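Below is one structure, written out as C-alpha cells; comments come after it.
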Amino acid sequence: MRKLKVGIIGATGYTGSELVRILQTHPHVDIDIITSESYAGEELPEVHPLFHSLVETRLVSSDEVTERDLDVVFLALPHGVSMEYVKKYAGQDFKIIDLSGDFRLNEPATYEDWYGKDHTYPEGFQNRAYGMPELFHSEIANAQLVANPGCYPTASVLGLAPLVHAGLVDPRRIVVDAKSGTTGAGIKAKPSNHFSTVNENFKAYGLKRHRHSIEIQQILTQFAGQDARIQFTPHLLPIDRGILATIYAQPNGAINERKLKSVYQDFYGPHPFVRLVENPPSVKQVRGSNFCDLFVTYDDRTDNILVLSAIDNLVKGAAGQAVHNMNLMFGLDETEGLGHIPVHP
Amino acid sequence: MRKLKVGIIGATGYTGSELVRILQTHPHVDIDIITSESYAGEELPEVHPLFHSLVETRLVSSDEVTERDLDVVFLALPHGVSMEYVKKYAGQDFKIIDLSGDFRLNEPATYEDWYGKDHTYPEGFQNRAYGMPELFHSEIANAQLVANPGCYPTASVLGLAPLVHAGLVDPRRIVVDAKSGTTGAGIKAKPSNHFSTVNENFKAYGLKRHRHSIEIQQILTQFAGQDARIQFTPHLLPIDRGILATIYAQPNGAINERKLKSVYQDFYGPHPFVRLVENPPSVKQVRGSNFCDLFVTYDDRTDNILVLSAIDNLVKGAAGQAVHNMNLMFGLDETEGLGHIPVHP
Amino acid sequence: MRKLKVGIIGATGYTGSELVRILQTHPHVDIDIITSESYAGEELPEVHPLFHSLVETRLVSSDEVTERDLDVVFLALPHGVSMEYVKKYAGQDFKIIDLSGDFRLNEPATYEDWYGKDHTYPEGFQNRAYGMPELFHSEIANAQLVANPGCYPTASVLGLAPLVHAGLVDPRRIVVDAKSGTTGAGIKAKPSNHFSTVNENFKAYGLKRHRHSIEIQQILTQFAGQDARIQFTPHLLPIDRGILATIYAQPNGAINERKLKSVYQDFYGPHPFVRLVENPPSVKQVRGSNFCDLFVTYDDRTDNILVLSAIDNLVKGAAGQAVHNMNLMFGLDETEGLGHIPVHP
Amino acid sequence: MRKLKVGIIGATGYTGSELVRILQTHPHVDIDIITSESYAGEELPEVHPLFHSLVETRLVSSDEVTERDLDVVFLALPHGVSMEYVKKYAGQDFKIIDLSGDFRLNEPATYEDWYGKDHTYPEGFQNRAYGMPELFHSEIANAQLVANPGCYPTASVLGLAPLVHAGLVDPRRIVVDAKSGTTGAGIKAKPSNHFSTVNENFKAYGLKRHRHSIEIQQILTQFAGQDARIQFTPHLLPIDRGILATIYAQPNGAINERKLKSVYQDFYGPHPFVRLVENPPSVKQVRGSNFCDLFVTYDDRTDNILVLSAIDNLVKGAAGQAVHNMNLMFGLDETEGLGHIPVHP
C-alpha cells in the first residue's frame, strides 16, 4: 500500500512534536514536510532534542506546503491563526485535520462570542466534522476538514455521552470539575507556566467562561436532544501530561450501579480506545497512550452519578485523536500506528 | 506571664513535626515533653533532621506525660489510638487537643458507622468542642477536650458556612470536589504514597464513603438547621502540602455577585485567618501559614454558586488550627505564635 | 520466523513492568509466561493498571516456568534471590538474562564484599557475559547467561569507555557524580521513597560504598588495562525516570576538543543507541527510549575532561538493554522492538 | 530601640519577595519603601498574593528612595542594573546591601571578563565587603556597601573554606558539582524555566564558564594563599528552592575522618547558621531557613575528601544572608529576625 504523504504545519509546540512522535512510527505514513515559521531552516532536533538521530528533517516555511503532493495536513497552530490556513488551503486536494479551536463549535457566531475574535472563514464550517471518532465515525470518514476536539472536551464528552444519550441525567445540572497537566497550556513561556508558579501548586482558572465549556455543552446538547448546561471548571496540575475530569450528574429517575455499567459497556463496546476500568483511574495509567479510561458509579446517599475520565491531553486529547481521525478519513484500521502502551511510571 | 507547659504526644508524623515547628517559636509556650513510642530514647533531629541545633529534645514514652505538670497536651496520633489516650488522661488537670478523628463527629454511633470500628470512650463526646475557631469560639474557650477538625472539613466548612448559615443554598445539592497534597495521607510508607505512584499523577479516591464526608455534613447540617447532604470527592495531588476545595452549590433563589461577597465579608470580617481574595486562590499562596483563602462567585449561565477554598493541610488543616484552639482555651490573643508568612515559592 | 517464547520472572516491580511494555510490541516475541509469587492468580492489570485491555495475562508462580518450552527468561528479581533461580534453571534449555546484580561482578568474592552476603551459585560466573552490547557484543551473542548491567554503571561506563580505552585519562582520578530518578530504588514502599521524602528534595546517598562503584571500576579496569579507581556518588532526583552522570577525568597529556569528539565518534559510530549530542543532554530527552545521550568537552582552564551521560534507567539502564541483549543472543537485528521515540514532555 | 528604616529596591522577583517575608517579621525593622518600576502604583499582594492582608504596601518608583530617611537599602536587581543604583546612591547616608553580582568579584576587569559587560562604577569596589558573615565578619560590620554572595558560592565556599584555610587540600584540583532549584534562575518567564522544560527533568548548564566559578575561585584563592582552580558545574533541579553542592577535593597528605570533623568544628563552632550534620544533608531539611548544613567525609579507597553542602538558595543564598549582613552592619544580634525553622515537608 502506498504510504500517505503527510504534512505537519507548526511543529515547534507540544502538539506538533507529539504528532511527529506518533506519525514517525505509523506504518502507512511518510512525513513529507514539517513547517515552522520561526525555526525555518533549522533541523527538528535543534528545537526538540528528543528527535536527534530519529527525525532530522529540516523545518521549512509553510509556503512550501502547496508545492508538495500531500494527502493530508495536520494544523498544529494557535486559535485564530489556524483558520487562515484552512482558508488558504481551501482549493487543495489534501484533507485537513485542524487541531485548533477554530472549527470546533457549531457556528461562527458562537465562536466569536466565546473566543472573543472575528471568524474570518465561516465557510469552513460547512463541510467540517467534529473529530471525535467514538461519536462521529461516519462524518469523519467523509469529511475534507476535521476539527480535532479540545483536550478537556475529549475527556468530558466521552465521560458523559452514554448518560446523556440514554437520557439518564438532567442535562442542565451537570458539573465537570477538570484538572489538566501543564502542556495543555502550550509551550510559550509565560509567568503562568513558569516552573515555580506551577510546581507544588494547584489552582482553578477560567472560571465560568472557559472556551471548552461551550464546546462540551454543544456536543452534549446535540446528543441529549435538549439544552445541556455544563458547569465546567478547569484546574492546573503540576504535571506535564494528563487530564482527569470528575463529573457529577443528577439522575432523572431510579438508577443503579449495574444499569450504569451496562449502559457504558453497550456504548463503548466496539471502541478500542475507551477502557471501562474497575477502579477510579489515574492519569498516569494512560500516559503516552491514546486511551480514555472511564469509571462510573452511583451514590445512593446523595443521588448523584459520578464519572471519572482520564486521558493524556497530548495524545487522546490532541495528536493521537488526530491520527485516529486520519485513519478513519483514509479507510485504515482505526488503531493503526496508535498501539503505544502507557509509559508508567 | 508564665509560659504554658505543653506536651506533644506522637511527634514522629507530619502533624507532630509541624506542631513542634509552630510551638517552638510561640512566645507563651514551653515544650516540656515530646513523646514517641517507636523512637523513645532518640533525639528529635534523628527522626526529623530539620530540628538539628533547634529542638534537640530527647523523645520519651508517653508514660511520662502524667509525671509532668502540663497545661495542655496535643495528641498527634492515629484514629483509634487517640481515644485510648483521651480515656487514660480523663482525670488529669491538663487540657487536651486531639488531632485525630476520634471525637470530631456528633456521636459514637456515627463514628462506628463511618470509621468501621468501635468507639471505646463514648464519654469523651460529652464535654468536647469541635475546634473550628471561626465557628465555635466560645465552646472551644470553655472546653477541656477539643477535637481538631479534619483537613478537608476545614477547607470545605469554611468555604460553605456563610452560604449555609444565611440559607442561600440548597443544602442537599452541594458538591465538594477537593484536592489534597500527599502529607494529608500520613508519613507511613505505603504503595499508595510511593514517590512514583504519586508523582506526575492524579486520581480520585475514597469515592462516596470518605470519612470527611460525614464530618462536613454534620457541621453544615447544624448550621443549616436542616439536613445537608454533601457529595465529597477527595483527590491526591502530587505536592506535599495544600488543599483546594472547589465547591458547587445551587442557590435557593435570586442571588448576585455583590450580595455573595457581602455575606462572606460579614461572616468573616473579624476573623484574622480567613482571607477573602479577589482571584481564585492557589494552594501555594497559603503554604506554611495558618490562612484559609476564600473566593466566591456566581455563574448566572448555569445558576450555580462556586466557592474556592485553599489551606495548608498541615497548618490551618491541623497543627496551626490546633495552636489557634490552644490560644482560645487559655485566653491568649488568637494570633499568638501564628504569624507565619506563607513560604512562596 | 518463529517467535521467541519468553518468560518474565517477577513482573510486579518497575523493571518487570517495563519488560512487558517493551516485549509486548516486539515483533519476534511471544510473552508466554509472567510470574509473581505474591500476586499469582491475579491478572497483570490488577497490579499494573496500564496494561488493562492490552496484556491481561494471569500471573502464575515461577514453578510453572520449567513446564513451558521457553527460549529465554528474564529475571526481574531482587539481588540475592536471582542467583537461586539461575541455579535452579542451570540445566534448562532456555537462555537467561538476569537483571539483578548477582552476576555482574567479576567474581564471587568481590560480590560478597560489596553486597554483604554469600554468593550461593559461584558456578554461574563461568559462562556469563556482562550485558553491555556496545562493549561485549560477541560475548553476549554466545552466552547462556547474561548479567544485565546496573543502571548507574550503564550511564557511567558508556560515558567513560572511549576515554579509558584510548588511554587518555588517569584511571585513578575519575569522579562520577550521578543522579537518578526514584524508580531506580525499586517499587517497595519505604520511608526513603515516600512521596514527601523525595519530592522537592535532593540528597546524596550510598557515599563511598555504593555497589555500583565496584561494578564501574571493574569494567573500566578491564578496559584500561590498569587499575581504575572510581569515586562514585549517587544522588536521588525527585523524578520517576532518568540518570544523569556528570563525569570528571584528568587527561594524561595534551588534549583538545576536536580530538575528544573524534575519539567518541570512532568508538560509538556503529552503535545505534548511543547518541553523541551537541549540547549537555537532559534526562527527559531520552525518557522511555533505549538511548544513551553523551556529551564530552575539555576545560582548558582547569585541565579536566567533562562527560555528561543521560539514560532512562528503566530502559537503557534495565529492560531495554536486556531486550537488546536478547536480540544479540538470538541473532536478531539489534534494534528490533526498541524503536521507542522518547516521550517528551 | 529605634527600628531601622529599610528600603527594598526591586520587590517583584523571588529575592525581593523573600526579603519582604523575612524583614516584615524582623523585630528591629520597619519596611519603609518597596519599589518596582514595572508595577509602581500597585499593591504588593497584586504581584505576590501571599502578602494579602499582611503587607499591603503600595509599590513606588525607586525615584522616591532618596526622599525617605532610610538606614539601609537592599538592591534586589539584575546584574548590570544594580551598579547604576549603587552609583546613584553614592552620596546618600544609607548603607547598601547589593544582592546582584556587580560587586562580588575582586576587580572590575574580572567582572568584565566573566559577565561580558562593562562595569560602569569601578569606584564601588573600593569600600565594599564580600557579605559572607562566617568569613568576613569585621569587614561587613564596617562596610558602607556589602556585596551579597551568589547562591552557589555560598554553598560552595562554606563547604570548602575550612579545608582550604587549613591547607589540607590541593586547591587546584577541586570539583564542585552543584545542583540548584529553579528559583535560582529568576522569576522572568523563559523557555528554560517553563514548567514542562524543568519538571521530570535534570541537566547541567553553564559548563566551564558559569560566573559563579570565578567568584568561588577568588574567595578560595584568598583563603588558600595560593591559586585555587575550581571546576564548577551547575545543574538545574526540578524543585523550587535548594542547592546541594557535592564537593571533591584531593588531600595534600595523610588525613582521617576524625581530623576532618574537628577542623570543621573548630572553624564553624561559634557560627549559628552553619550546622555540621551527621548524615548527608537533604536540601529540604534547610528549606525556608538560613541554615547551611555541612557534611564532610574521607574516602580512603580513592583518597578523596567529599563535602556536601545544603542551603536554601533564596534564604542563606540570598535574602537571609543579606539580612544577616544587615544585622552585622548595625550591631544587632546576628540571628535577629532569622529564626525561621525549616519548613518540611
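Just a few scattered comments:
Going in written order, the chains are labelled A, B, C and D, and every chain counts its residues from 1.
Definition applied: a residue touches a chain if its C-beta (ideal position, glycine included) is under 8 Å from a C-beta of that chain, and two chains touch if they have at least 3 such contacts.
These figures come from a predicted structure and were not determined experimentally.
Steps from chain B to chain D, taking the shortest chain of touch contacts, total 1.
Note that among the pairs C-D, A-D or A-C, A-C reproduces the B-D interface, with over half of its contact pairs the same by residue number. Chain geometry summary: the mean Cα position of chain A and that of chain B are 39 Å apart. Mean C-alpha position of chain B lies 46 Å from that of chain C.
Centre-to-centre separation between chain A and chain C, using Cα means, comes to 36 Å. Among all residues of chain A, those that touch two or more other chains are 14, 183, 196-197, 199-200, 238-241, 281-282, 284, 287, 345. Touching chain C in their complex are the following residues of chain A: 14, 17, 21, 24-25, 48-54, 183, 199-200, 240-241, 275, 277, 279, 281-282, 284-289, 291, 293, 339, 341-345.
Listing the residues of chain A that touch chain D in their complex gives 14, 182-183, 187, 189-191, 193-200, 238-240. Those residues of chain C that touch chain D in the shared complex are 173, 175, 177, 179, 196-197, 199-205, 207-208, 229-231, 233, 235, 237-242, 244, 246, 248, 250, 280-284, 287, 297, 299, 301-302, 304, 306, 308, 310, 345.
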